[in-house]
Amino acid sequence: MAAPVNRLREIWAAGRPAANAWLSLPGLLNAEVVVKGGWDSVTVDLQHGMAEPVEMLRMLAPIHAAGAVPMVRVPWNDPAAVMRALDAGALGVICPMIETGEEAAAFVANCLYPPKGKRSWGPLRANLMWGPGYSDAANDIVVPWAMVETSKAMANLDAILATPGLGGIYIGPSDLSISHGFKPGLDRQEPEMLERIETILATATAKGLPVGIQCATPDYARGMAERGMRLLTIGNDAGFLQAGATAAVQAFRT
Amino acid sequence: MAAPVNRLREIWAAGRPAANAWLSLPGLLNAEVVVKGGWDSVTVDLQHGMAEPVEMLRMLAPIHAAGAVPMVRVPWNDPAAVMRALDAGALGVICPMIETGEEAAAFVANCLYPPKGKRSWGPLRANLMWGPGYSDAANDIVVPWAMVETSKAMANLDAILATPGLGGIYIGPSDLSISHGFKPGLDRQEPEMLERIETILATATAKGLPVGIQCATPDYARGMAERGMRLLTIGNDAGFLQAGATAAVQAFRT
Amino acid sequence: MAAPVNRLREIWAAGRPAANAWLSLPGLLNAEVVVKGGWDSVTVDLQHGMAEPVEMLRMLAPIHAAGAVPMVRVPWNDPAAVMRALDAGALGVICPMIETGEEAAAFVANCLYPPKGKRSWGPLRANLMWGPGYSDAANDIVVPWAMVETSKAMANLDAILATPGLGGIYIGPSDLSISHGFKPGLDRQEPEMLERIETILATATAKGLPVGIQCATPDYARGMAERGMRLLTIGNDAGFLQAGATAAVQAFRT
Amino acid sequence: MAAPVNRLREIWAAGRPAANAWLSLPGLLNAEVVVKGGWDSVTVDLQHGMAEPVEMLRMLAPIHAAGAVPMVRVPWNDPAAVMRALDAGALGVICPMIETGEEAAAFVANCLYPPKGKRSWGPLRANLMWGPGYSDAANDIVVPWAMVETSKAMANLDAILATPGLGGIYIGPSDLSISHGFKPGLDRQEPEMLERIETILATATAKGLPVGIQCATPDYARGMAERGMRLLTIGNDAGFLQAGATAAVQAFRT
Amino acid sequence: MAAPVNRLREIWAAGRPAANAWLSLPGLLNAEVVVKGGWDSVTVDLQHGMAEPVEMLRMLAPIHAAGAVPMVRVPWNDPAAVMRALDAGALGVICPMIETGEEAAAFVANCLYPPKGKRSWGPLRANLMWGPGYSDAANDIVVPWAMVETSKAMANLDAILATPGLGGIYIGPSDLSISHGFKPGLDRQEPEMLERIETILATATAKGLPVGIQCATPDYARGMAERGMRLLTIGNDAGFLQAGATAAVQAFRT
Amino acid sequence: MAAPVNRLREIWAAGRPAANAWLSLPGLLNAEVVVKGGWDSVTVDLQHGMAEPVEMLRMLAPIHAAGAVPMVRVPWNDPAAVMRALDAGALGVICPMIETGEEAAAFVANCLYPPKGKRSWGPLRANLMWGPGYSDAANDIVVPWAMVETSKAMANLDAILATPGLGGIYIGPSDLSISHGFKPGLDRQEPEMLERIETILATATAKGLPVGIQCATPDYARGMAERGMRLLTIGNDAGFLQAGATAAVQAFRT
């Protein structure tokens, strides 16, 4: 059996941006339905999404089975949460609210086995999912994503980016906006916000790190991909469901 | 506290057709999201939907809280399943595969308390949901819907419609189609199928019974409403989710 | 290890009536709390109670661990439901709505292994709970309770009582009342209802069968025990919870 | 749709103390039963209560639907736990073991959006529950309650009370007692304990902050309300259930 | 995408017997662990196994993902249970206690779409699992297994085997034994039992139907395969777990 | 009712080493099966095991009911996780990755009530499980186990061992190995690793603290017991299940 790989890295090596689905609702079937869209990766959101770890376990399986890269946004920069997601088989962990180099280093350490980090050994489910080669390959195929989403994080951007082992930067536009005095929301068009996004993208790209961003619409995501973003989250399950359900009843009534 | 009512009957009395949402996926949050669309009723499908009774219990609560009429399609014409849905607070029960007058009578008996039927008493959750007036009102506000969806059922249509206490007829176009040699699918356009649908509608309407039908699109549902259908199911949660997720990734990639 | 016994039979042999707790709410902890009251048996109600089989499995364990006899009221006279409860470790099964000798015979057959009945073999959990002697003892320690709760059942009382292997009769006063034109409710005082209860009690007792009844209050239960009832259900978890919670807030406000 | 409000503040503005129910047992139905008592608020206890976040999600819905203010006691002063409860729709968060001004400030920051705090944006469920006005109103309707329950906390009471944005003080009598060398327990009568409670109440009230306390009995709660406490927890679900179940079987046996 | 197939039929076509794993314990992870052994098919037992349908849904996914044929033993010959298992993605359904040709016909009808049977259309999860070709292929790839496990069934063996559409016969040695006056248990060696097993095998094989049997040990299973059995269940998860756990502690202590 | 005790301490007082089972898979039934092996204690692993706290609650009950000492490995040195396990009834808590005396002190403080520690009072489930004497006995019967499993921990071994109230040292051979440049794995035979294990054992034993270790095989465990280890974990449920399932299918095929 070949050593496991992280397909996102193959996609990027081929020069393509990756389309990432976002799961905010608990549910094995929800994951099974969404992943059929043909996404490159699917992220189970344990921070603002309503799934809990007990459901994350169930939801990662069909993502993996469908050939998409299973990822998890953990609720916080917490060793238990990070290692849990990895043990369950996630190949990417998105960590919210990284604001300093120290926080980035602590996060990355929790993602990687010694000597690169401090991850504790015991990947029962990851071994079942990725095969016996998982243990040796883990440090190469796990991608730790630090979210940059506050003014403090931007001030410490260089320190964050200097963290050895960091796998990528993920931009949270809503928190980044409210941290700078704007209303929350995605697909920002304000020049100041676009400039901040561009700064993060350019600085990280210069360090060789892929950058991802949460988008509401395919158009905005495509624009961001054209600027060089490598991981584009487009909408989420709750939004798809609500939009479809609302449109159906409204179209019926008019 | 006023006696509980079934709002579908108020809607029909006002001359309006009712828009019914269809829940095929397990999940409390799914129900909470879908019901926000403003549906008149929401049906948890325990037959071909993937929710089980333990989740039905959770999903009926937000439907009720949002002011929509909670309904359940039971997996089969089975007293335990029918009484369970009612005890959990459903005001409508859709029963698949009713093919004879005897089956219709057995189904209706399970929906109504004596002397009209044989429903066993013990509406713990329904009492919590609908208040202390539930027990006295139950036989008036519970609507038993018999599905007519086979050629045998059509042959016995008069006997089915003659069942005292029957609340309505619900048409399942996929099963009705395969029972007549067509492929499965909703929104039938074949003249033979339209004629069958029209027969059911006209016959039931003549008896004063509302008729409902499972539709894929708002256009078809509106057309059916214009013909006189009173309960129009439009799409379902799995379809909304899959369509939205697929459209997003495809729009991004093109 | 001694062969397992059904402690209810020991209690009756000692001339004592048994106090049976009734669980209507799902929840492992609910069961753990209630059983501490010192009940002789505890019944998980899968008919009008809101627990499902997946929770029944969890709830039977602490009942057994606390030394009470675990029992289940199944939702209907259905082989799958009856055998499920027994496989999960219940020593008593209460079956609702037994109305004829044939129905009683079918129910009892589902409770007993051949040659006495048709129960299918595979008591994985019952073996874990009751030990390796379970298989040989099962037919002796499992008590099938037929509910007599309709006028039709009363008309067929002799046939029901003649069923070989029947373990007891359980009276459901609410259904028995609505079947005879009264409002539902427990602790009946109407002479006609008391006469019916007395008839069941006397007839079954004459056949050597214990009789049980659902009661709302300890006083009524004690009166019934004095008349010769052997299994007295007193209140239920939902009632205890609601009464306590309502009394607390009302006492605070006055 | 009007902006959402926290009804507790309306109750206090009307000069009334609020009656708060306490849920220690997991269970959607438990919550549905208890809230019928007519409580002003209901708190799901994730610290010593046995519910987990996956059940908190289910339990908050019926509390909200019944018109009571949904609150959560988080297991610890942890950003993930606090933000989770708020995203799920809680309008009050009770945080145990706040012992210093710094801890209070960290807790409050996790409850409030920038610029007042550091809460991360993404209230999917809170939006569904409270409507589109939730985001703008959140900082005004969310009440962060710091528990004062150790001698160290009392020594730092002024610093804790000086925390901008703090919504109230909640007294945990058991921990406060064992921290001062007494046995655990509620409804303390020792002069030293009453004096400590009075000190907290007076100091916080002087700052304009409401004070709450965990009580075992309605009498004690009413006495505390008369002293000026604004949030009175009276008993809990486990206690109501155990008391009712024990009383029933004992009354039957005597 | 190629039309889905039932790999068991390919294995049999290649002249190989199939090794079938048996899951008696609820648990997604249990299924993920067991299927790694390299089984040809894995059966989730909903009759005597302790999993419920809500867990069956989760357990079928990893079986499918690992390339084994997902099968379900339903609790009884019940249309709802049979169609549920199929909608959830099972390609084989084992039905207990088939005793007559009529029962076999009813069972098979529930497995097949019209015109061959009466299965109701709506394979949401099966479509997700097996792809868009599922609907057309379903009647060809679904294998209905009738259990022959009583003396009555043996008396009606010819009628059962004459059922059009029946996919195979599955022997339950424990029930077959107790039905004939023996103790329950697998791997029977009594000449009378071996003769009965041989009769079923020979008669069904003559009709072109594969025969399966529940075995305790690999040796017995291999012997049965050599006699011509095509589906060999070998042990079960509960047995593997109990044997391993007991052996470990005993080896340590001696 | 006698005061509760921790049977492990009785076993050690009798000069016997204790056999500890390890549960990595979620599942009430798994726990019920494994505990039948006759283990002295059973540990639910919430760190690398895949059970979550909601399942821990269910799994501790049958461990207790079977007379084994229920223990939990928490995911991290976190007050919420530690107190949760104890409130749920665990008598032992194994905490991973203790590396300093400060960390050990924080961990122990979370296990013990004041004045010895800072555990918050509210043992609802522990009281149900261990009886009314639990509160007074808790500080005596709860055993906090610090895992020593890194080079940093070994450097701080004396400080860790000097922690008042610490109950034992538990060795994690995999993490200890990778921390020292070896591959992960149990049952280490390298002289350097054996020396480290011996150092921990000797130093802790000299302080009067029992030492435990995770083992793969009974032989290794027995050897470690002969060296003086007092808590021997032997294999785990996932391993027993996988070994049994794989052996069965392989034995059948050869």
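Letters A, B, C, D, E and F mark the chains as written, and numbering starts fresh at 1 in each.
Keep this in mind: a residue touches a chain if its C-beta (ideal position, glycine included) is under 8 Å from a C-beta of that chain, and two chains touch if they have at least 3 such contacts.
Per UniProt, the chains are A, B, C, D, E, F = HpcH/HpaI aldolase/citrate lyase family protein.
Being a predicted model, the structure only gives us computed values, none of them experimental.
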Using the touch definition from the top, how many steps at minimum link chain D to chain E?
2
Every chain in contact with both chain E and chain F is listed here as A, C
Any idea if chain C and chain F meet via the same residues, over half in common, or different ones?
same
Going by residue numbers, if over half of the contact pairs line up, that's a repeat, so tell me which of E-F, B-E or C-F repeats C-D.
E-F
Length of the line joining the C-alpha centres of chain D and chain F, rounded to whole Å:
34
Can you work out the whole-Å distance between the CA centroids of chain A and chain B?
40
Report the inter-centroid distance (CA atoms only) between chain B and chain F in whole Å.
53
Where in chain A do residues touch two or more other chains at once?
26, 28-29, 33, 36, 50, 52, 54, 57, 78, 124-125, 238
Let me make sure I understand the interfaces: which chain pairs count as touching?
A-B, A-D, A-E, A-F, B-C, B-D, B-E, C-D, C-E, C-F, D-F, E-F
Sites on chain B touched by chain A in the complex
19, 21, 25-30, 33-34, 36-39, 50, 218-219, 221-222, 225, 232, 234-235, 237-253
How about chain D: which of its residues touch chain A in the complex?
52-54, 57, 78-80, 83-84, 87-88, 113-115, 118, 120-125, 135
Could you please specify the touching residues of chain E with respect to chain C in the complex?
24, 26, 47-50, 52, 54-55, 75-76, 78, 81, 96-97, 149-150, 172, 174-175, 178-179, 181, 184, 238
Chain F touches which residues of chain C in the complex?
28-29, 32-33, 36, 57-58, 61-62, 64-65, 124-125, 128-129
